[in-house]
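Take a look at the structure below.
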Amino acid sequence: MHFTFPQKVLFKHCDPAGIVFYPRFFEMINDAVETLFSDLLGWPFEDMHAEAGVPTAAFDVRFKRPCRHGDQLELRLTLTRLGRSSLSLTTRAVRQDTVCFEADQTLVCVDSEGRPAAWPEHVRARIEDIMEAQT
Amino acid sequence: MHFTFPQKVLFKHCDPAGIVFYPRFFEMINDAVETLFSDLLGWPFEDMHAEAGVPTAAFDVRFKRPCRHGDQLELRLTLTRLGRSSLSLTTRAVRQDTVCFEADQTLVCVDSEGRPAAWPEHVRARIEDIMEAQT
Amino acid sequence: MHFTFPQKVLFKHCDPAGIVFYPRFFEMINDAVETLFSDLLGWPFEDMHAEAGVPTAAFDVRFKRPCRHGDQLELRLTLTRLGRSSLSLTTRAVRQDTVCFEADQTLVCVDSEGRPAAWPEHVRARIEDIMEAQT
Amino acid sequence: MHFTFPQKVLFKHCDPAGIVFYPRFFEMINDAVETLFSDLLGWPFEDMHAEAGVPTAAFDVRFKRPCRHGDQLELRLTLTRLGRSSLSLTTRAVRQDTVCFEADQTLVCVDSEGRPAAWPEHVRARIEDIMEAQT
């Protein structure tokens, strides 16, 4: 089981070469992670941000195939490692059977001062459930 | 010698947490690379794009410090490896003496069909000059 | 009958004041109009753009209420005037019963050289059907 | 005298049709207004936003000429009307002698609760000076 986020490539994503401008891929990834937090982890960003945050500490991305206007992508998220205050995940953007990009990302849970903070218990429990269901 | 691109953190870059939303860092990197190509390599993107392109194949980024609205950043670009049709570079965003993020990036020169193509001779020569001056 | 486009306010839309940064409203409007063309007018932007385009000639917008992260908006589009090569429409963004912004917009159908061109017959017919159903 | 903000059209601004995607024009306008506030009005957005804000209440925009990648634009700002808590201005984007778009905009000064508030005295004085110098 993976969390899947459908994303059609829209006009706004594309550059003069007719393919997705890469900063837009990072907006897509952020939208997918935001939806994961609201729909699966029960901690919507709009509630979280009074007291905490989940900034990204690192990205390692391979762009394998250009994506064009109108492409129907699926962003598939796999949770790969849970730390006390960190979470690593991989997002694969798939068009039919082709992986267009792969992004390894590490998020850190921080408090309102920006200091690393342990995941809230209910969020940790949901992440563990999802990681178990993936295997 | 490094190519340096000044960038003040503007309102449009920042999120509800008051820090830069990470996809905006990739727009900054793209602006810096575009300016490198026009000002130093003599191959402005607006001329290049009829016949070629330089899509990004990979990114490896470490976000080390949050950047806030009003911060005066310097993006410092170091060219690290030149291949037949590829170029690797590292962008460091520096605020006073602090490195806020480091991004290793690999670009590929492609023809109008998107196939890897050798760098034009005058561009390769300029890249080699810059790499020599860096050492 | 109106074409309605649901849009949750996401993290990426919001600024340090915690409300939507206004250029993001224009991206929302563009997404809604792009979806109108693909889903109702049978002329998806990704097919259109080899031969034609529909640039915006004018906008008249009133922002009435700030929109916050997490707000569930509905963008309601009303087609108001059809010309030989133009189309005027109004987009109202509604949160529950409150209109947050109203945007009057005029699009122009152009050929691949950017010159105004008559709407294709099948598109004109669909627009007329929708305008009739609105009344 | 007008406040002038130079803006080259960059890769990130352009769409698959090779012209500026209109939401990017609004980002340019916002950058120009932000620079007006920091450089001429002595009230940088990054200082203002702890206690106040200047959201846009209305826009009336005419797009007259497409702008292409590489175009050197000048955004010329004219302050047109000063109210107790409002400010109207017009931004003209000029390429050589051609006006590419004209945008009439009304800003409102608000307090930290989002309620209209009188302009601070030092800001009002600077606006009046600029308006006088324009005539």
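Every chain is named by a letter (A, B, C and D) in the order it is written, and numbering of its residues begins at 1.
Following the convention adopted for this analysis, a contact is a pair of C-beta atoms (placed from the backbone, for glycine too) under 8 Å apart; a residue touches a chain by one contact, two chains touch by 3 or more.
The UniProt protein names, listed by chain, are A, B, C, D = Thioesterase superfamily protein.
As the structure is a computational prediction, the values presented were derived from the model and not from experiment.
Novice: Could you compare the number of C-beta pairs in contact for A-D with that for A-C and name the larger?
Specialist: A-C
Novice: Determine, using the mean of C-alpha atoms as each chain's centre, which chain is farthest from subunit A.
Specialist: D
Novice: When the C-alpha atoms of subunit C and subunit D are each averaged to a single point, how far apart are the two points in Å?
Specialist: Each chain's C-alpha centroid was found; their separation is 24 Å.
Novice: Express in whole angstrom the distance between the two chain centres, defined as the mean CA positions of subunit A and subunit D.
Specialist: The answer is 34 Å.
Novice: Report the inter-centroid distance (CA atoms only) between subunit A and subunit C in whole Å.
Specialist: Using C-alpha averages as centres, the distance is 28 Å.
Novice: If you look at subunit A, which of its residues touch at least two other chains?
Specialist: 11-12, 16, 21, 23, 27, 30, 49, 69 - these are the residues of subunit A that touch more than one other chain.
Novice: Touching subunit D in the complex: which residues of subunit C?
Specialist: Residues 16-17, 19, 21-24, 26-27, 30, 49, 53, 55-63, 66, 114 of subunit C touch subunit D in their complex.
Novice: Using the touch rule from the top, collect the residues of subunit D that touch subunit A in their complex.
Specialist: Residue list for subunit D touching subunit A: 11-12, 14-16, 18, 21, 23, 69.
Novice: What residues on subunit C touch subunit A, complex-wise?
Specialist: The contact residues of subunit C facing subunit A are 9-12, 27, 30-31, 34, 44-47, 49, 68-70.
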